[in-house]
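Letters are used for the chains, namely A, B, C, D and E, taken in the order the chains are written, and counting of residues starts over at 1 for each.
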Amino acid sequence: MDAGSCNGCEIEIASIFSPTYDAERFGIRLEASPRHCDGLLVTGPVTRNMAAPLRKTFDAVPQPRVVVAVGDCARDCGVFRGAYGVEGAVSDVVPVDLEIPGCPPDPAAIVRALRGLAGT
Amino acid sequence: MTAALLVATALMGLAGTAAGAIAPVRFRIALSSALTIAACALGFVVGAEVLHSGHAAVVHTTTLMPLASFSLALDRFGALFVVITAVVGICAMIFRFGYDGQGLASRTASSILPLFVTSLLLVPAASNVTTFLFLWELMAITSLLLVLTDHARRSEVQVAGQWYAVMTQLGAAALILGLVLLATRSGSQSFAVIAVRSAHLPAWVRSTAFVLAVVGFGSKAGAVPLHVWLPRAHPEAPGPVSALMSAAMVNLGVYGIVRVGMGLLSGGPAWWWLLVMGLGALSAMFGSLHSATSKDLKRLLAYSTTDNVGLMLLGVGASGLFADTGHRALALLALVAALLHVVFHAVFKGSLFLSASSVHQAAGSTDLDQLGGLLRRMPVSGPIFLVGGLAIAALPPFCGFVSEWLLLQSMLHGLPSGDVAIAVAMPIGVGVLALTGGLTAFTFTKAIGIGLLGLPRTQDAERAGEVGRPMWIGAGLLAVLCLVFGVAPFLVIPSVVDAAGAVPGLHLAGALTRGWNVALPGVPGMLAPGLVAIGLVGFGGLVALGRHLVQQRPVRLTEAWGCGRELQTARMEYTATSFGEPLTRVFEDVLSPARDVDVSHLAESRYYTEAAVIHTTIDDAFERRVYRPADRMLVRWGAVARRVPNGSVHRYLAFGLVALIVVLVVLA
Amino acid sequence: MLLMTILVLPLLGGTAVALGRGRTWSAWAAVASNGGALALGIIAAVRVLREGPLSGARGTLRADALSVFMVIVIGAISLLASWLGVRTPARAPEDGHRNPERSAVYGVLVQAFVGFMILAVLAANVGVLWVAVEATTIVTAFLVGFRRTRGSLEASWKYIVICSVGIALAFLGTVFVYLAALHAGGHSAHALDWTSLMAHARHFDPSLMRLAFGLLVLGYGTKVGLAPMHTWLPDAHSQAPAPVSALMSGVLLTVAFYAILRFKAVTDVALGPGFARTLLVIVGLLSLALAASLLIAQRDYKRMLAYSSIEHMGLIALGAAAGIRLAIAAVLLHILGHGLAKSVLFLTSGEILTAEGTSRIDGVRSLVARRPALGGLFGVGLVALLGLPPFSLFTSELVMVRAEFEVGLGWAAVLAMVAMVVVFIAVVGHARHMLLGPAGPPRPAGSSGVTAPPPRWVAAPLIGGLVVCGFIGVFAWPLSGLLTAAARVVAT
Amino acid sequence: MSTGWSITSMSAISLLQVVLVIVGGPLLLGFMRKVRCRMEGRVGPPVHQPLLDLRKMAGRERTRPEHASWVFPLAPVVLVATTLVVAAVAPLLATDPAFGWSADLFAVVFLLLLGSVSLALGALDTGTAFGGMGASRAMTIGALAEPALLVAILALSVPAHSSNLPTIIIRSLAHPAWLATPERVLALVAFVIVIVAESGRLPVDNPSTHLELTMIHEAMMLEYAGPDLALVKLAESMRLVVLFTLLADLFVPWGIATSPGPWHLAVALASTAGKLVVLGAALAVFEVTVAKLRLFRVPELLAGAFVLATLAVLSTLVVP
Amino acid sequence: MSGSSYFSVLTLAAGTVLVCAVAILWLASIRAVISMVAVQGASLGLVAVVLGVHLHDAGLLAAAAVVVVVKAVVIPVLLGRASGSDSGSRESRPLVNVPASLVASAALIVLAFVTGRGVAHFVGTRAGALVPIGIATMLIGFFVLVARRRPTFQIVGLLMVDNGIALTAFLCTAGFPFLIELGVSFDVLLGVVVLMVLSQRLRLEFGDVDLDELQELHD
């Protein structure tokens, strides 16, 4: 979920499904609905406008669920810290289970982190 | 005995009329409804007895009907229709106890409704031309008056009434001419005598009479292109009346075509039946398309009636075609399929119309775009509509499935007969059947899904609650029958076979049921609706149990997923119009919808849109292309004619002088 | 004696009105006298059925089944019309009853009108019949113009001029019949008696009879309202006071048709059935086509009813054209049914006119909701008029169609049916605008004034008329014997 | 048809078929996904991944939109149950499973339609825009696919004089020449198109799309979670297996067990698996190579199928 | 009266009836027309008298008396009085002008002679041969009704139709039985009276009107 990012992290997330990283071989897939998800990947600092949608989306995921904050902005607002439109980090809005650092994080790191979560 | 009961039925109905006319307001509805129910019950007994024993109930008197005689003879074929009407009538009348809408409580309506039901009950028993036409027209006029019940509040009712009146009169004129032609040519008014002598009539007489009868009965049955009144009148009638019209009255159109074509004329050339099949195919296609794109619940149901009448006519036509080519067993099979569909259509359409009226009463509208979320708010009426909808969509384990299956089988087994007419007609028939089947599934997914499920779209729908007990009992009885007949069709099929067997010249080489199952005699082909139902329930139970077992947490109620958006409201929901939009677009050439886009702009800037509203309206093509131009022509003719008598006494006298001169010249 | 009493009774009523100077009791006396005529007509019918034709006044009057049937029709409808007529003097401005004297004149004229009609059907002699019919024209001319408005004067002028000419032609026809009768050996004093005409008709000169019957159809057809001499009818019917319209439309037309029916019997004997049939089919279809065409764009509801009368006269003419007994019986039933329905409708439309102040169709709205009694009566009346069951017009139309098919006039029946459907479409359209719709806000003052629903004694006879119309459409026994006997008089 | 089959063996066959369908469905999907990934140059998930996914979903929470009625949770159950009924009675492995005499092709079609309708109703019950959209589109396509399907069935039924499935299969085994007739080929094409449309595969629908606006089938299940979702997904795969197996048995019936005995069954199992693998691979390859059709082009495709099916029927009459 | 003189008188009288008819068509002054009506009535009476004498029919003579009284005296007087102030006025703009009317009347006379021949032949008497004259008079009367605007002219036209028919009746059948004849005459008288009353009322209510202005009532 993009809570206000610069789309850098999104590009990296998208690339984990490319033939190079092929995260699908580990059973990792993007889903169209939060109802179908096991976890949320949240990118970017949480802007004021996106805080409520983020909470709603989190709420929509069936339990047990995990939240992964992808990228520095998601972890601690990164360069946007303290900006007027920013509500805070992802963990200020919803409970975060895992954080993946980097601006943007390396696709391999994302895959690794996700594999760790899934236990494969 | 049955004759006496038949008379008692009529008298009971008339007593209901009298009660409706003179009983004090407090007892009016109760008394007239109760008497009507009693009439229906008596009718049911007569019909069932005749169906069972095969002995016709005969009543004949010259005291009634001046210059003719009043003559009833209820045979097995007619008895089937009496029984159908009786069942629908009982349920509709029970429903009426709780129904307060649309002025049905008035003295006029209370007295006419029993008369309407009585005429419906007696029409299939009529056994001479005058009696038949009398009862037929009585049925027409009483139903017209009932359609008009709510005229004071909605102008659509008037328009509907006018269409109905005109179309029914057109039909009646054709019918009168056709039947009188037959009667005078065979030298008797009695159906029995006509049936014997008609074989010796010249071909043109037979064909003319048949075509006129098809026009007359087709207009009552709502067959395209004579259907234009139906989608207007059925929705505007008060609930029980629309149920009776759709579930009992249109059947009589089919009855009439069979009675005249196969009974009085004992079958005819292939082109007659191809005509009937053609009408049926057209009606089925046109009706199902329009009902798929309608957004008013009752209009949708009305068009679906046209659709189902089309299927019945397909069956009847196929039957006639088979009989003409000598395939008597197949002919009976097709006729049984058609009649079974008549029975089942009555059951599910009755429950649908009644529960749609419940919805109307509860939510104040039948516009699907004003409804929603009613299944939770109406815990009994909602499921009733659901059951009816699934049944009409021919889904197992409900009854519509069985009759459509039989219809398909009769066409399938007719194919190898090697006759060219059949070879061309049957695949088209199956195609039509299939397309309408798919469209009906679409239609009722829409009706149920938009109307009953999801979020309520208006405050009225939000506040809706379950209707009174009589209403859901009346509708519910029919819904229960949908399920019972769907699971255990063997309860009705033998009777229907008996009824169809009353048509001369048709016979079946064996029983159509084997145990609980429907089995075609002589060919491998079997349907086990009971088994299917058990399988569904069994597997469904297992699956649900499994889900319950694996489930580790309680079900969490959440807001529906709307992409995280604020304000997830009913305005986000799909509407009936949008649901039908893809289909409308596919059939654009046939439906030719008119789209209006109203865009209003913000006051501050012309470049920003405040609201954009799209109206899609779909007119009836026949109405637009045939009836309206005809009406315009008539009006133009009237305007021209009006100018001839201009008020001048001299001109009037000149007419006389000319006439006098003509008389002198010609006659002297 | 009985016949004389029947004839005199309405005139006695008229005398009572004259003596009572139009006061209410005298008007009721007139009603009673008409009721008495009806009752005596029924008694006469029973006697005729039992004993055969009656005669009275030294052979001047003669009643066979057909005559007594017509007496019953006249009695029934005049009872209805005079009943409603009692109320007419109470309503000054519309119907022109400015003073009791005028209402006395009105009552006397109506009773004279009824008396002449009874004379016409009881007359044993063709000449007397003619005199009586012409007399009805003169009497009703005053009644049509009774309101003295421009419209009513215009209507009565047209009425009397056109009808006098027409009836004069009928006289010429009668002269030719007389000529033929004299040549066929009739005795001059009785040559014009129906019995004598029927007896000698076989020897009548065919070519003369053709001309005579043509003139008779044209002439009496004028009074019947058959095209092309129907033109007076819509004007007169729409302008006359409602009870007069009811009487004219309900019985006067058919009394004139009675004359045609009688002459047709004579012609059939003289020429065979083909000639009269052709002529009647032509005028019947012409009338039907005309009525249908002019109903489409009709704007006045009284005129609408008038054109509907033309339509029904066309149907009757077609039925008579078929000519067999069944057809004639149906024609007679139709005469009674149409008379009842149409007079109820005219009387109701009079009430509507009083209440609404306009006779324009677009001036009347939502009648059923606003005035249930009037709207209901009008609606049910129209149902009856359009030939729907249970009213007797349905049965009689059906039987007429049957008879037409039986004699090979099926094509004419088809055309008639087409015209009837057009009429149906037109009338239903007009009726819808008048009757249906929301009650809405009360109409602005000045258009109508106080509009209480009609009192019960006014509605009762109207309802009664419709009930009887329905009753005779369903039950055969009260009339079938009389109808068959009457049909036997003029159909072989 | 009741030749030597004991009740026990027939019931066993039914049970086997049910199990085959339940297990085989996800495996077939996994296999197809694998083939696709390979074609795209990826390794792809293991073949049994769908089964793992199902197990995982089963353990999760069920959610229900707060205003939804009982239709919402019932829909997946009905969807699965209809497919299971078909799986139990249809002659997938042997010509005579229990109650095979009741396995009518038309009945099968209407049963599957019941499943589709119930899913569409479940989707509409959520009250969301996507649910409605998906239901609308799926039902539109379903309504248009139905005539083609039924007429194709008619074409198959005519030579066999029956629409009873075992009868058709037995008779075509007896008359192999039938299988090469033009009507068979035409009907086959029509059948394939309809199956592709009904089971929501490319080019009609893209099952792996994430873009709601292009969804058809997926949009209907957006609200389901946990075991409900598992049921819907399972049903989807089961339907694919059932349809594929029927397709194979109708057009290439060899291998199906016509008499009882474990040996025959083993052969049938193997041949069925083989047929499924071939069909699955073919579909997967096809899916990789085509693009999704615009929604409003789909009717043209289905109309084409209908015409082919009609031609098939007509040719049964021309070529007796 | 000898045969030939009987017939020539009869012919003369009948001819006068027709000549009056044509004259009425020709004249425009209402007063002149009314006197023509009187002459016509008298001629008609003369026909009846001649026939009555010839046939020794007392009834016919009585009828003749009635005819003369009603048609030659009462009605013209009433007409004259009724048109009162109006009597000086003229039919200034007939719907069909005088020359055309005369041509039309010629055509109508021809028509009458053609169509009346059969009847005349059938009657067989010498009087019967004059029947076409009666028919011609009737037709011309009808034509007057169609072609003239003034109310008085229409009354006159109606009278002419009646006279023509009466003439035919006398010639064909020597009249009806007396009582009927009386009734007929009485009816005609009443009809004319009613029409005159009406025309008077019309004048009172709306002033001097042409009948053509009476076109308020139509569809």
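Operating definition for what follows: contacts are C-beta pairs under 8 Å (C-beta built on N, C-alpha and C of every residue); 3 or more make two chains touch, one makes a residue touch a chain.
All values reported here derive from a predicted model rather than from experimental measurement.
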Least step count from subunit A to subunit C, where 1 means the two chains touch: 2
Number of steps on the shortest touching-chain route linking subunit A and subunit B: 1
Any chain in contact with subunit C as well as subunit D: B
Highest C-beta pair count, chain pair: B-D
Most central chain, judged by mean C-alpha position against the global CA mean: B
Subunit B and subunit C: spacing of chain centres that average the CA atoms, whole Å: 42
Geometric centre distance via CA averages, subunit E-subunit D, whole Å: 100
Gap in Å, rounded to a whole number, between the CA centres of subunit D and subunit B: 35
Subunit A and subunit E: spacing of chain centres that average the CA atoms, whole Å: 116
Multi-chain contact sites of subunit B, meaning residues that touch two or more partners: 553, 556, 558-559, 561-563, 642, 645, 647, 649, 653, 656, 660, 664, 668
Interface hub residues of subunit C, defined as touching at least two other chains: 157-158, 161, 165, 169, 207, 211, 234-235, 294, 297
Residue numbers of subunit A (touch at least two other chains): 33, 35, 60, 62-63
Which pairs of chains touch, using the document's own definition: A-B, A-D, B-C, B-D, B-E, C-E
Touching residues on subunit B, where the partner in the complex is subunit E: 642, 645-650, 653-654, 656-657, 660-661, 664-665, 668
Contact footprint of subunit A on subunit D as seen in their complex: 37, 40-46, 49, 52-53, 56, 60-63, 209-212, 215, 218, 221-226, 229
Subunit D partner contacts - residues on subunit B that touch it in the complex: 292, 372-373, 375-376, 382, 386, 390, 393-396, 401, 404-405, 408-409, 411-413, 415-416, 418, 423, 427, 430-431, 433-435, 437-439, 441-442, 444-446, 448-450, 452-455, 517, 523-528, 531-532, 535-536, 539-540, 543-544, 547, 550-553, 555-563, 568, 570, 572-575, 578-583, 585-586
Contacting residues of subunit B [partner subunit A, same complex]: 553, 556, 558-559, 561-566
Touch list for subunit A against partner subunit D, complex: 19, 22, 24-27, 30-33, 35-36, 38, 60, 62-64
